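Letters A, B, C, D, E and F mark the chains as written, and numbering starts fresh at 1 in each.
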Amino acid sequence: MSGPGDFKPYDSGTTPRFQEIATFMRSQRHPISSEVDIALAGVPFDLGATYRLGARHGPAVTREASRLIRAVNPATKVAPFRLCNIADVGDAPTHPMKIEESIDLIQGFYEEIHAAGAWPLSVGGDHTVPLPILRAIAKDRPLGLFHVDAHADTFDDFMGTKINHATFVRRAVEENLIDPKRTIQVGLRGTRYGDDDIGYGNEVGITMVPMDEYEAMGREAFIKLALEVLGEEPCYLTVDIDGLDPRDCPGTGVPEPGGISMRDMQVIFRSMMGVNAVGGDICEVSPPHDPIGITFVNVANMMFEMACLMATNRSK
Amino acid sequence: MSGPGDFKPYDSGTTPRFQEIATFMRSQRHPISSEVDIALAGVPFDLGATYRLGARHGPAVTREASRLIRAVNPATKVAPFRLCNIADVGDAPTHPMKIEESIDLIQGFYEEIHAAGAWPLSVGGDHTVPLPILRAIAKDRPLGLFHVDAHADTFDDFMGTKINHATFVRRAVEENLIDPKRTIQVGLRGTRYGDDDIGYGNEVGITMVPMDEYEAMGREAFIKLALEVLGEEPCYLTVDIDGLDPRDCPGTGVPEPGGISMRDMQVIFRSMMGVNAVGGDICEVSPPHDPIGITFVNVANMMFEMACLMATNRSK
Amino acid sequence: MSGPGDFKPYDSGTTPRFQEIATFMRSQRHPISSEVDIALAGVPFDLGATYRLGARHGPAVTREASRLIRAVNPATKVAPFRLCNIADVGDAPTHPMKIEESIDLIQGFYEEIHAAGAWPLSVGGDHTVPLPILRAIAKDRPLGLFHVDAHADTFDDFMGTKINHATFVRRAVEENLIDPKRTIQVGLRGTRYGDDDIGYGNEVGITMVPMDEYEAMGREAFIKLALEVLGEEPCYLTVDIDGLDPRDCPGTGVPEPGGISMRDMQVIFRSMMGVNAVGGDICEVSPPHDPIGITFVNVANMMFEMACLMATNRSK
Amino acid sequence: MSGPGDFKPYDSGTTPRFQEIATFMRSQRHPISSEVDIALAGVPFDLGATYRLGARHGPAVTREASRLIRAVNPATKVAPFRLCNIADVGDAPTHPMKIEESIDLIQGFYEEIHAAGAWPLSVGGDHTVPLPILRAIAKDRPLGLFHVDAHADTFDDFMGTKINHATFVRRAVEENLIDPKRTIQVGLRGTRYGDDDIGYGNEVGITMVPMDEYEAMGREAFIKLALEVLGEEPCYLTVDIDGLDPRDCPGTGVPEPGGISMRDMQVIFRSMMGVNAVGGDICEVSPPHDPIGITFVNVANMMFEMACLMATNRSK
Amino acid sequence: MSGPGDFKPYDSGTTPRFQEIATFMRSQRHPISSEVDIALAGVPFDLGATYRLGARHGPAVTREASRLIRAVNPATKVAPFRLCNIADVGDAPTHPMKIEESIDLIQGFYEEIHAAGAWPLSVGGDHTVPLPILRAIAKDRPLGLFHVDAHADTFDDFMGTKINHATFVRRAVEENLIDPKRTIQVGLRGTRYGDDDIGYGNEVGITMVPMDEYEAMGREAFIKLALEVLGEEPCYLTVDIDGLDPRDCPGTGVPEPGGISMRDMQVIFRSMMGVNAVGGDICEVSPPHDPIGITFVNVANMMFEMACLMATNRSK
Amino acid sequence: MSGPGDFKPYDSGTTPRFQEIATFMRSQRHPISSEVDIALAGVPFDLGATYRLGARHGPAVTREASRLIRAVNPATKVAPFRLCNIADVGDAPTHPMKIEESIDLIQGFYEEIHAAGAWPLSVGGDHTVPLPILRAIAKDRPLGLFHVDAHADTFDDFMGTKINHATFVRRAVEENLIDPKRTIQVGLRGTRYGDDDIGYGNEVGITMVPMDEYEAMGREAFIKLALEVLGEEPCYLTVDIDGLDPRDCPGTGVPEPGGISMRDMQVIFRSMMGVNAVGGDICEVSPPHDPIGITFVNVANMMFEMACLMATNRSK
């Protein structure tokens, strides 16, 4: 409707970046439909967070920051918008005060995407968000999980609640939405509530790579390990941006020093081209906590890297 | 414990303002007890807000900003800390994700204050906060209400929830916690969802003073009206800072142009000295939305004005 | 396509404000067409500014801030979206480095709007923007002009250029796009380059109301004067936000102390309901210069007031 | 050396505002000499402040903000740079850690200015700064004083120190540098340390106009009173920017709600044209506390108003 | 008094982080006493700094940021609050304008801590602060020193003053408070005033590791070297945060590019577990210069690492 | 005129950093003359940029930030101001709205510098700026080019314009101002408009080192390569700060994740001492986009490194 072609994003070489209403990576706004291969979506929900909120505004600020993105990946030469139909399908519905109802609304939105045959690439929202997405797209068989985070998110509950941003991995394992054997977590490093914060992951067989181990093995070895863990079956990508170093992503609710660099994230995603990723998200993007906006520049670029990966996979 | 005397606040003429842990107006930290006449408290709760959150951090930032407050009111010469025992009793307990449970926890905290015979002066928190406070301190008889706000907060529900920052006045009337005949609202002016946003107030007999009327009648006439409405019976003071102009209080969730000036608020409170105020609060103070901090300077000074008013009343 | 109905904006009582891609006042995105009565548009152009740029990002930040707007005017009860079809038609095309070409592109966009029979309500962009708009919509007959500004914008040239943000009024008079006898300027007060900065206005018969006169006559008398000057013929509304006080609109390129208050602007627009306004704009909105965002809250509310005025006129 | 003429400031109509090294109001940098009529100077000193520092950076940020100033006063038509030789003579020397030594260094700098026959117009620095200036320029006879401030600055000592930003007026009276009978203070309103914070002023006969009185008498009556108090003898102007409302000057060390508006300050200075002002300063300008910069826009404009007043007097 | 137990900090798993008055790492507020093993203290003093001040507000902002800290170190599994009694003993007294008096007041406060048998862990304040601390706790025998800094702080004087943030190491050596043979400095790299800025260190035998050497030897070799230099005797830890890279700690008075990463600091402290540290501090934390707050997140985490190290040592 | 000696910069050990009008690295302000060896200059021009402007304010903010710079390089011991006469010659003239005219004005300014025999070291301005500089100083023979950037700047045109911040390298090659065989580019990594964004460089023989290659070869090998490419003939240094990582330089128009670290830039420049650099610039420094100021601290330090390199070369 408002763009130069059905699924062609605005070209910043002809339409200035500061022009037109911002969508994810300047893609076309499109309803959910079978024409869409990759559905870019926002999930403005942060009631699952425990400290500083604001991630409900994450999709809006990412759309704005992603005006910076151009067509072609400088390292891999992938041009995702040429490979398949990618569109911004808008935001999932949420309730501003009800957690469970919001989770159901979000799940319904992703069921619609899933039913249309599209693969979702989302910006949250706090890190409760992957749960309703996985409930929508992984109900038939568990997915592998590539999980970047400073925290394992494997608590059983937090202050008596089962659905929040510290529990989604456990819930997803319990509900058979992800396969712990094909799950790898990297960036783990926050100070801990108790001695066994990450005990559950060990118990069910998640491959956990805390920062010390990541640093010790090096980026290349980690990539190799991730590819092994994920295997060839379909998997899902989820990035809690506090997995990255606060230098790169200060605009988040629970920053933890000493994380993965944005440079490493770029190389990691570019090296995972063969992975069978059928969905992904970036969560805990909290605009009020980064007045400079470096966070959102990085989030937009990560979204592009994930789009390259998913588009390559989709077009195979 | 850590101060120069039991209920004497730090004197900024001998203890530099930037020294020591911040409490409300540099008062002593004290447990709730019968020695306390006025209990300064924080309510770090914002799950009742519908748009931009952050008021959970309101008490912390107000404590810090209130380092600016000195002992004596320059206009009325009231020195509240000389009139009675005023202490910072800390924050009400809350749950970071559960609304109803938080409301109950807050109510319990204020029941303790009420049982000790102290009068509460609080900083929220979103504007759901007065409800549990009133449930604790007004269960025996309805109070009058002096209410500064851009919105009437008289909705029956908001997206299906009954307890949120748009409904507390209606709930309080229904629960007989406030007497609508002794209730006056000023600052009303936000754009409206529908034609009858403020219909309920008319129905039950609340005296509503929208900005146009406030401006037309002038500050002095308004003060006279407020004194008439409130009468001599006990009343409660509540300030949603969006009642003030965004020039004075930009750091709030739902700013509305064209509000009451901080200067007017000072004069209004100073002119209400005879009012029988037995409690008060300032709500919707959202630190992430004011990087300059003018909001918190004003909130700290309003707290001082309300303390002057309550201390004068208490010491009668 | 993406909303609940053809021309119904998102209702913040059912779709949370933080949800969905921001459009002006949550209106529907719609192509320019004869169905549209009032076309909300952005003009991301700031090459005509002489000091601090950034107004090219004005439309984007105003769309985001206007999530705050609800359906009904609290003072006049006007609900503009009920009166006629109002839609966000996107941004005018511009060139990021060429002034004249951009001016032509903008004019072309507004000619399209004009040809469709819609009335434009725009957010700039620097204050060169009204010129191409007037060239598109006033070529048949000169319009009256209601002009809020700290500067008269009547220079003949600025450093040798004829088209810039200090000359648009002169150009518009010369091109017979506005009728100086039906033109009123208010807010004039910036320090001056020379003795005759505003001489041209006197010469051609523009009614100029510098701040001293505005203050001396008072708001009501000014409104009366404005209504007299504008008369009953079609007119255009243009607000350079530096006409307002920097307290209300710090986020602009050339702030000047001592301007009109946002409260006054609200009352002025609400009192001009009978005016035959067929278009309007708000210019010089520069996001990088206001990290708090009070500017954009006020701009969004002014846009709503102007929409109320134009919708009332359109539906007559 | 670097400008278009000896004492002609850069003309923003030919040299873009953003060009060249910033000086006060784009004036020429010039050594102290008998050619200079009005010496614009910075005093980067804030060791006399008691809470939040930063005013040492006040001169730098004011030079930058004063790029906005043009040649002619829009209300009075005064063009100060045409009336006499006005130049930026740089900053007074200071010591970064020694108060008394700094005070002596500053005094020496102003003695040089005074010896050259120039009148100083300065930007501080905290409000200790007027003391060494007055010691340099008023040693022969006491001056009248026009003093804008939220605080009377008449303490005898603060925590055992005699020279600080709360005592300069008392010291100046004791040293016969100012005549209390020809001294008027306006804007007084901060909460007080004790009951007699302003007792000294009453004792020695200073005319004090607290905010309540200012508001009650109105701007015009205040101007009349000020002209009466100041009389025809030489006087000095000093503005602690916390005398203004924090809406206009948030970037200061001790903001106090409810002060004088920048609009009033403009009108007051413009109405004091006949006053025999032989020097002036603006103090407590603290850049780290105003990321938006509205404070500095206002300070630059006040400097221009004071220059208009002094230049008119000088050229008589 | 205000917490769940005598020396148990608030548990963020039951008391939300945003609740209650902030203390260092949510520890209990406690008077100095023999029950306290490790005394967390603030030193709000910055009169020894030479450029940008603000470190007087360092303790307040660190208390707030340290709400993020949880109980257990993710790498070493150390849980410092379980190992010994750790409490927040408040701020050292200071004078807002007198350097020497402040130094004496600070020393007195730490003598009290030392007399009680507690080990101090402090947040400054500028980097003059370690001098009075060492005078209090090292008067009996010199301590080793682990010193992170961009500058050696070994000047003899700065502009004629002996006590300031550029001289503390030299004073401490002269006063036999630290043993230069057991002193190691790392992070040195700022541009220099002259050729021999760091000559004194060489002269007295301090082990200096400028950034080039640190990078060349690598983190592991540096840790080995540090352990050798410090040996088994008691030592003190001091971190001027400008030793870290400005990416990690922009909020400081004298940032210098190219410093140590926060990640390295974490690993270094975790690898120094055997060190006999009996005190430590983090200085030059200047809130006005970091509106995002990444600095304070890192400072809070460094405080936790130092607490782990000291608690392990204390509990041996 | 205003300093302690003809070409001696202010010594921060005797003149506090916060004192006096800021010039580049506290150098003396001096007219262009044959006495000047290295001319520090600003180029406040950003009309060649395509997205976010603001670099016109780059020179001002760099002057202010460079107050931090001291006399001696800590790694190389070079003290540039001792080696030759270095002065701040002010800003190049520009036109605020005309690109071509500005380019000509800038060229004229540098022709004057070149005619005087001085070597220019500049702060832009957008990255169109090197073109007029090279036209002035390289007309006699092509220079080598050391080019740090996220983008190759070798477009033929951008939206139909030939002179902008994406084309300067191509223009310079075409005009024989630089020798592509002696040109090396590093930091290249931004997403691309099309497949052949960097094709031109390959075609004409520019040595391009994208980030992946830079990381793969390592800093030392890159330095070796750069020295080989540049050879012994005169060369020019140009840094678009988006070549650095956004962690170090967020304040720029087009940030791209994953760039060169400031630490690497320091070491690279220090290792290029033998290079025959006869000029240099740092561009795309945009103050409105970095409210913290880490960008400008780094830019000031890079300027110092480049001055060390050029002064060493000049004094040979």
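Criterion: a contact is a pair of C-beta atoms (placed from the backbone, for glycine too) under 8 Å apart; a residue touches a chain by one contact, two chains touch by 3 or more.
What you see is a predicted model; the values in this text were computed from it and never measured.
> So if I superpose chain A on chain C by CA, what angle comes out, to the nearest 5°?
180
> Pick the pair from A-C, B-D or D-F whose contact list overlaps the C-D contact list by over half.
The chain pair with the recurring interface is B-D.
> If you average the CA atoms of chain C and of chain F, how far apart do the two points sit, in angstrom?
Between these chains, centre-to-centre, one finds 40 Å.
> Determine the centre-to-centre distance between chain A and chain D, using the mean Cα coordinates as centres, and give it in whole Å.
55
> Indicate the whole-number Å distance between the mean C-alpha point of chain A and the mean C-alpha point of chain E.
Each chain's C-alpha centroid was found; their separation is 38 Å.
> Please list all residues of chain B that touch 2 or more other chains.
16, 18, 50-52, 56-57, 95-96, 158-159, 247, 289, 291-292
> Hey, how would you classify the chain contact layout here, line, ring, star, complete or other?
Contact pattern: none of line, ring, star or complete.
> What are all the touching pairs of chains?
A-B, A-C, A-E, A-F, B-C, B-D, B-E, C-D, C-F, D-E, D-F, E-F
> What does chain A use to touch chain B in their complex?
46-54, 56-57, 95-99, 158-161, 164, 288-289, 291
> Give every residue of chain B touching chain D within the complex, in rising order.
Within the complex, chain B contacts chain D at residues 11-14, 16-18, 67-75, 77, 79, 247-248, 261-263, 266-267, 291-294, 297-298, 301, 304.
> Give the list of chain F residues in touch with chain D in this complex.
Residues of chain F touching chain D: 1-2, 15-16, 18-23, 29, 31, 44, 56-57, 60, 63-64, 88, 90-91, 93-96, 291.
> Would you tell me which residues of chain C are touching chain D in their complex?
50-52, 158-159, 188-195, 197, 210-212, 215, 245-247, 250-251, 254-258, 289-292
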